[in-house]
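Below: one structure in structure tokens.
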Amino acid sequence: MIRVPAESPGPFPDAWRYCVGTGRLDLALRRDYQDSLALVRREIGFGHLRGHGLFSDGMGIHRPYTHRGARHVHHSFTHLDQVVDACLAAGIRPFLELGFMPSALAGGDDTVFWWRGNITPPRDTAEWTALVRATLTHLVGRYGAEEVRTWPVEVWNEPDLPQFWRDADEDAYHRLYEATAHAVKEVDAAIPVGGPALSPGARGWLERFAEFAERRDVPVDFVSRHAYTSGPAQHVPFGVHQTLAPAGRLLDQFAQPRRALAGTRLAGAPVHITEFNSSYRPDNPVHDTAFHAAYLAPVVVAGGDHADSFAYWTFCDVFEETGIPTAPFHGGFGLLTHRQIRKPVYHLYAFLARMGPDLLTRGDDHLVTRHRDGRVTVLAWAPVDPTGTSPVPARHPLRLSVPLGARGRGEAFVRRLGVDEEHGNAYAAWRRMGSPRSPSPHQLDVLHEAAEPARSHRRLPVTGGRVDLPLTLARHEVAFVELTRVSDETPPWWDERRLLGRDPG
Amino acid sequence: MIRVPAESPGPFPDAWRYCVGTGRLDLALRRDYQDSLALVRREIGFGHLRGHGLFSDGMGIHRPYTHRGARHVHHSFTHLDQVVDACLAAGIRPFLELGFMPSALAGGDDTVFWWRGNITPPRDTAEWTALVRATLTHLVGRYGAEEVRTWPVEVWNEPDLPQFWRDADEDAYHRLYEATAHAVKEVDAAIPVGGPALSPGARGWLERFAEFAERRDVPVDFVSRHAYTSGPAQHVPFGVHQTLAPAGRLLDQFAQPRRALAGTRLAGAPVHITEFNSSYRPDNPVHDTAFHAAYLAPVVVAGGDHADSFAYWTFCDVFEETGIPTAPFHGGFGLLTHRQIRKPVYHLYAFLARMGPDLLTRGDDHLVTRHRDGRVTVLAWAPVDPTGTSPVPARHPLRLSVPLGARGRGEAFVRRLGVDEEHGNAYAAWRRMGSPRSPSPHQLDVLHEAAEPARSHRRLPVTGGRVDLPLTLARHEVAFVELTRVSDETPPWWDERRLLGRDPG
Amino acid sequence: MIRVPAESPGPFPDAWRYCVGTGRLDLALRRDYQDSLALVRREIGFGHLRGHGLFSDGMGIHRPYTHRGARHVHHSFTHLDQVVDACLAAGIRPFLELGFMPSALAGGDDTVFWWRGNITPPRDTAEWTALVRATLTHLVGRYGAEEVRTWPVEVWNEPDLPQFWRDADEDAYHRLYEATAHAVKEVDAAIPVGGPALSPGARGWLERFAEFAERRDVPVDFVSRHAYTSGPAQHVPFGVHQTLAPAGRLLDQFAQPRRALAGTRLAGAPVHITEFNSSYRPDNPVHDTAFHAAYLAPVVVAGGDHADSFAYWTFCDVFEETGIPTAPFHGGFGLLTHRQIRKPVYHLYAFLARMGPDLLTRGDDHLVTRHRDGRVTVLAWAPVDPTGTSPVPARHPLRLSVPLGARGRGEAFVRRLGVDEEHGNAYAAWRRMGSPRSPSPHQLDVLHEAAEPARSHRRLPVTGGRVDLPLTLARHEVAFVELTRVSDETPPWWDERRLLGRDPG
Amino acid sequence: MIRVPAESPGPFPDAWRYCVGTGRLDLALRRDYQDSLALVRREIGFGHLRGHGLFSDGMGIHRPYTHRGARHVHHSFTHLDQVVDACLAAGIRPFLELGFMPSALAGGDDTVFWWRGNITPPRDTAEWTALVRATLTHLVGRYGAEEVRTWPVEVWNEPDLPQFWRDADEDAYHRLYEATAHAVKEVDAAIPVGGPALSPGARGWLERFAEFAERRDVPVDFVSRHAYTSGPAQHVPFGVHQTLAPAGRLLDQFAQPRRALAGTRLAGAPVHITEFNSSYRPDNPVHDTAFHAAYLAPVVVAGGDHADSFAYWTFCDVFEETGIPTAPFHGGFGLLTHRQIRKPVYHLYAFLARMGPDLLTRGDDHLVTRHRDGRVTVLAWAPVDPTGTSPVPARHPLRLSVPLGARGRGEAFVRRLGVDEEHGNAYAAWRRMGSPRSPSPHQLDVLHEAAEPARSHRRLPVTGGRVDLPLTLARHEVAFVELTRVSDETPPWWDERRLLGRDPG
């Protein structure tokens, strides 16, 4: 039995909900997207939202035209205003990623994704920095400098990969970063700017970025990278399968920037993991499973030890990098499918959002916190086997001695929520329903119902100020348990035996 | 095993949802009430709403005044319009009960209830009929004759009880009925009028009402009575306990009017049971229990055999006959507590609302119906023991052979919802929480959560066009089961073994 | 003075609101679009919605893939379901236009519009008809045959223009039509199919289409064409100017199909004008003006004489044929701008939606109807000068003698709404504000306010059952006037002179 | 011409919106009330809400019962929680008035109002203080001490009037105050407590209250009184007429506490005018008129000079002191009628809510403020004649020289809203409609429409950094004018002459 200490060693850090990822920004114009955003904001409470495509053609910002024979560029914010208004209305702030290249400013035709984000350097740096300045200036004008200073600005995405930056040209990226960072600071020196938004495989890039920044005296207010644990994609139609490394590998990746930058000028800079997930593919069915929630639970709980934020990629399945999804469960990144069906990993985050501000203890399969009103909350998870080599048991036992209020005897009201292979698992229901590609409204209702966690409650005795809490976790279960000391208001005249139908047992 | 026939013998009648009861009409001005009404309308779909107090002072319709020395009466519809607008906005129609007496028209000071409904005859019959005519005329003007003709009009409430009609004066009631019925018909002959809204204990009243109606040639478009099964109240502070007769006694009461009126001019008249419940007290804890849902299940399923409607008394706990409730669970009549916590009996009705239009079979512990799209739905319930003399078993087994689509092999998706002593039972959770009288917002959230039914799903084989469906019901369980034939869209390339974390078992 | 007859010669036809146009269908996924759709549905009540792009890549329906070395096509309805669900939720039905070509099925690379709708014939007719059948079959399965039979299906768009159909190849269109119409009928013979959706300039196409249909015995349940009155585009950056023919030219175009088809097998077929507007350009400022409402008023009032429907192109400015709009007022087709600012022409439609079912009279500058409750409603409009050659006066007088209830004296409550150069004219306000490209939230509030019509009310005497109603219309005004006979409930004790601050005059 | 200074002498104080009055607290359970509250909160932004009846029987807090032969009291918060939750959900805080007396604790049967508030002292002071303590303790437990400390607590209402406090017994009030204030402080010493909530006619009470508080060392955190200007009621059925003193008399009353308390221990205490209006009757038609808004405008603008708050009595017509209203316009106190029709005085407040934080100048007929973004806003009002002896002119001219941005030339966008005898005046429309007692839904729509202010906009030149703003106010007009410096974004290629239908003039 694990004895949870009664004194808190400190707060449970908020890094897990600082930011979350999203599909390309113009998808934020959609109702399904906005409904999903409102839901995750209400039930999870992410602070920022980061996605690609701010400067891509679908946002319509960079608009060249000819007048009296001369080329001009108009900067238009029709879509950007709607996107940012929608975010702020939902209570979530932009984490601005500057990219990709507007086609009329692009140095080439190379694109990434089904929606063709142009990944080439600008053919005119002055036109690019004018675009950056105009955009930031507009945002400051519309939303106020005080607000915009809380929006980190990241330069480009994964420049170390040729899919995202032509030839993965490191010098070209440094040049882009330098011009861009200065352009941002010209608008308002207090707007934080950073990069280089590296992919997991980048070798030496971060060190060289630090060295470049020092050499050129370029502003870097934070550093960023991404983290994924999947192997190569094995394709099937509309999907892939991949192997996964153990989840701890994600924590290693989160920790890498602080290690790499120790001793450089960027040593103290905030580290933002601006994307993380198991698989980097939006069509890997693992994202939809109970396994996935249990796999990521220890990462989400411990990630704050290693980075200032780590952004789950992505909050919903309105996302089209490999095309428009062909089924409600298609292996998308989202915490939510289209139409707001909660996946198991959604519940992992929603459970975490119900934890208290004061950490009591943490372990391999549990996290215990306390609320200011005295409630104690437990997050517990079963072990997983991503390799398929050491199958996990059907039941995982865990027993905690939980401090609950002052010493003495009493009773605790214990509420438990759980998701596993059977519960809170709309994917399992969908498979049983026959994997309907276009579920009917009735089927959507059933899927929403199947996505609700298992719920139960009971009373346990408090002895010596403690509750002996035995938990048995099902396969791939993630459980949330809340313990509240009972203050009994049952009136003195109440006689349970007079209630009709009471259990005689 | 019970073999459910594949052919429907006919429709499952809708009498169970024709009407539902409510606390006094001016409570309909409240937001909590309107929110509750919208919820029951959406999830259950009652057609009409009947409550006391249309002419009581809280509705402010009858408004005498003096002008130039003479007494006049103004008929004012400020509240009535808001009440009826709210009902119609929720999609539910009034079932008008004409009563009680405005104090300025009353023949005495006798009142009923904490809110003092005056139960005396009018001191001026012409002023009463003017009130009736003015009210109906106003309603026809505002909502149209076509609409108002769908609103039955019932004269008074339980005149056979001295608490509700001074001295239970039968002749006086007949006079009131006659004057009132004619007044209604003067406004529009197609508005249905009826009575006499008798209490369960009325002896001979219905026969004499028929005889009176024939003798005086008075219009009677329907007859009405009430049904309850509880014994005398044993009081505790803010509550009572009572014995209950077996639920079948309710069906006897439903059936009594057709028996009593056989051979009279009213033999063919529609019979509306305008109130029914187990206990007639709004402070008996039985209303809040899982026992109550299981007790009433066979009544709600079979009631349509005996009457054209039977109105559960009442849809929500916004109801103040014995005073303002002092706790969220106080034994109120409501399907819903204040703030829309669903009670087990709410789910009984919500499950019934999901049954199909075509009856397949009915039994002591089950009802099976079919939807037009082929889904088969089962309502099943465990036996109860209201007397405390023959305790029910902890498990009640039931096994059905359910026809599902054409002959041949296949699979069925089976979805089950259930409420019992542990599930869908906010009352049990509230007791465990310590019976908080004024639950905090967090406790209200937990109670809403605890009120959700248990949910599960599985696949069962279809053999020879049938599913062998074993159901084991828990103590006091009411279960809803839906069977859908699976049309499998799993693509040919899907290989379950490639899914990470799949159960190797 | 025009004497309005007291007897109605018949109903005012509903052709004006049978259908309305929209930008490409996947824009229906946007929140701004859905909010706009809900608004026009509530305040105007269009029955159907027609737009391009059902089969374009942005809807993601046609999805080829390779499995075990063979090419297959999956038909995916992820977006289509969301689009149709959104329409039906708003209470509006699809008018399905089958087109453009999925790029993976296209016979060439030619595209139209900024969003690149492919305008080439299918490279495989069987794959095209499979796509049509699969889509209709899916819709019938999801929404029911009874529902889908109310959705007209139109084959392609403006095949007589090379921008919309490669080489404007008439035979190729006939082949496409024939294959498509048969495919639709295979799904359900009661689904109406038609075409050929001609542009205004098509010469002889309709006659040849009728002849082809007869010769090949191809089903044609309705015929369709478009109507516009603008001359060639004179370009400026992000916009055009054009001349306009007099509005009566639109009525000529509406009338052309019945004339052309007289004597053919299609003589009795319903005629749908599936697009009409003044200018065919989505960047002509005329669409935003008060002039435009007054220009179209006589067309909208009289159009029902000539066609079974005529669909305003389009209901809102979420529309991107020439790119993403760069300002809230950019000359878009919409009745509404982005963010639901009502344009003057929106009010023309909203006023028409308030007219009664019974026509009383119609004239060059007015329409008078009566409601079932006796109210009389007038739509009146000032003359316009599209040519700039005969400037219109600042004031246009009109005087009507309006029958209002039975003969005799009394009073009328007269309510007037109007839009003109100063009122209900957000465009004028926007120009005065300095034409802000990205209005701030406060500016948007002011624009919404400026878009509200002028409102006034007064009392006029009724003499001999008639009201002498003088109306003076401002420049480009469209006015709505409602006359109600006053039923005075002022109590006898009311003495106006006792009201403090009353006008002594 | 009045030259508005360019420099602000200081902020415009917020006293006008610190608090607003309401009908008895249990009316807050109604939907109409809550809808009205949400509206005034959104458009006006009152901070607190004060009403009678917290301890009256309709709130059901004081609940005596007998158990085992002994009398006990249960304190029940079923309604209070719903009321406070509703306020806080609307963003408005309670200003708690402790009263009237629960009937089971009352020392007598005397009541006030149609709803019978008991106005007698407690028959047991200990039971009263237990009630106060229990209620405050519950509120602190539910909403937190930090929150409840922002809710002033006022002891009783108008004890100087025998209608509100038996025999207007001053010593009995002092005893009640003392016991109550100590009970409040026992719960939390930081909760502000005060009184004595005097009526306008109280003579010497405040001075004696200060002397009593000093003598007995009783906590008094604020002092309160009421202000009205009407003469005696002249009754008609369902209404009254009264004379009114000039509005300046209200300011005298606001100023009286500071004068009276100068030199006492309460000299520095905050002064809350916890009720004010012209007439103290809820059935005087003056409340519904445009006259009323113009009459109160100078009071609302200047009141902050004299008191820390002054609460308009009341925010809506859901109010029943003289019975349930018999018509939508019945002379109620409300800023809003039932169903949220805005009265002219509502607009006075809504206009004030749009004024900027920085005062520029104030005068007899105007107030000018500036927003942080540079906009200048003007509130202007026409003179009134409450006595009927010196009729006001039909037009009231006013001319301001308004500083707008830096020196130099330019243009201003000027937006004007106004309410007067013709505009923003639903009462005038209702009279013209024939004073319908129970307006139909269509009539309600027309009344909402008629309640909208007149709106116009224009451009004026800026010369030397100033706009010459001539305003002509109509009879009883209250106008809001907003001036914004135009930043012109009209593109260089725009040629107004090319716009079809442009005014050639």
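Each chain carries a letter (A, B, C and D) given by its place in the written order, and its residues are counted from 1.
Here is the rule we use: a contact is a pair of C-beta atoms (placed from the backbone, for glycine too) under 8 Å apart; a residue touches a chain by one contact, two chains touch by 3 or more.
Just so it is clear, the model here is predicted, and its values are computed rather than measured.
In summary, the chains found to touch both chain A and chain D are B, C.
The pair with more inter-chain C-beta contacts, choosing from B-C and C-D, is C-D. The geometric centre of chain B is 43 Å away from that of chain D, both derived from CA atoms.
Centre-to-centre separation of chain C and chain D, using mean CA positions: 47 Å. For chain B, the set of residues that touch two or more other chains comprises 67, 237-238, 437, 493. Every residue of chain D that touches chain B in the complex is listed here, in rising order: 29-32, 34, 58-60, 63, 65-67, 72, 74, 76-79, 81-82, 85-86, 138, 142, 237-238, 323-328, 338-339, 437-438, 440-441. Within the complex formed with chain C, the chain D residues making contact are 234, 236-238, 241, 244, 285-286, 289-292, 294-295, 384-386, 388, 391, 394, 411, 413, 415, 421-422, 429, 431-437, 446, 449-450, 452, 455-459, 475-476, 484, 486-491, 493-494, 498-505. Here chain D touches chain A in the complex through residues 67, 492-493, going by the rule given at the top.
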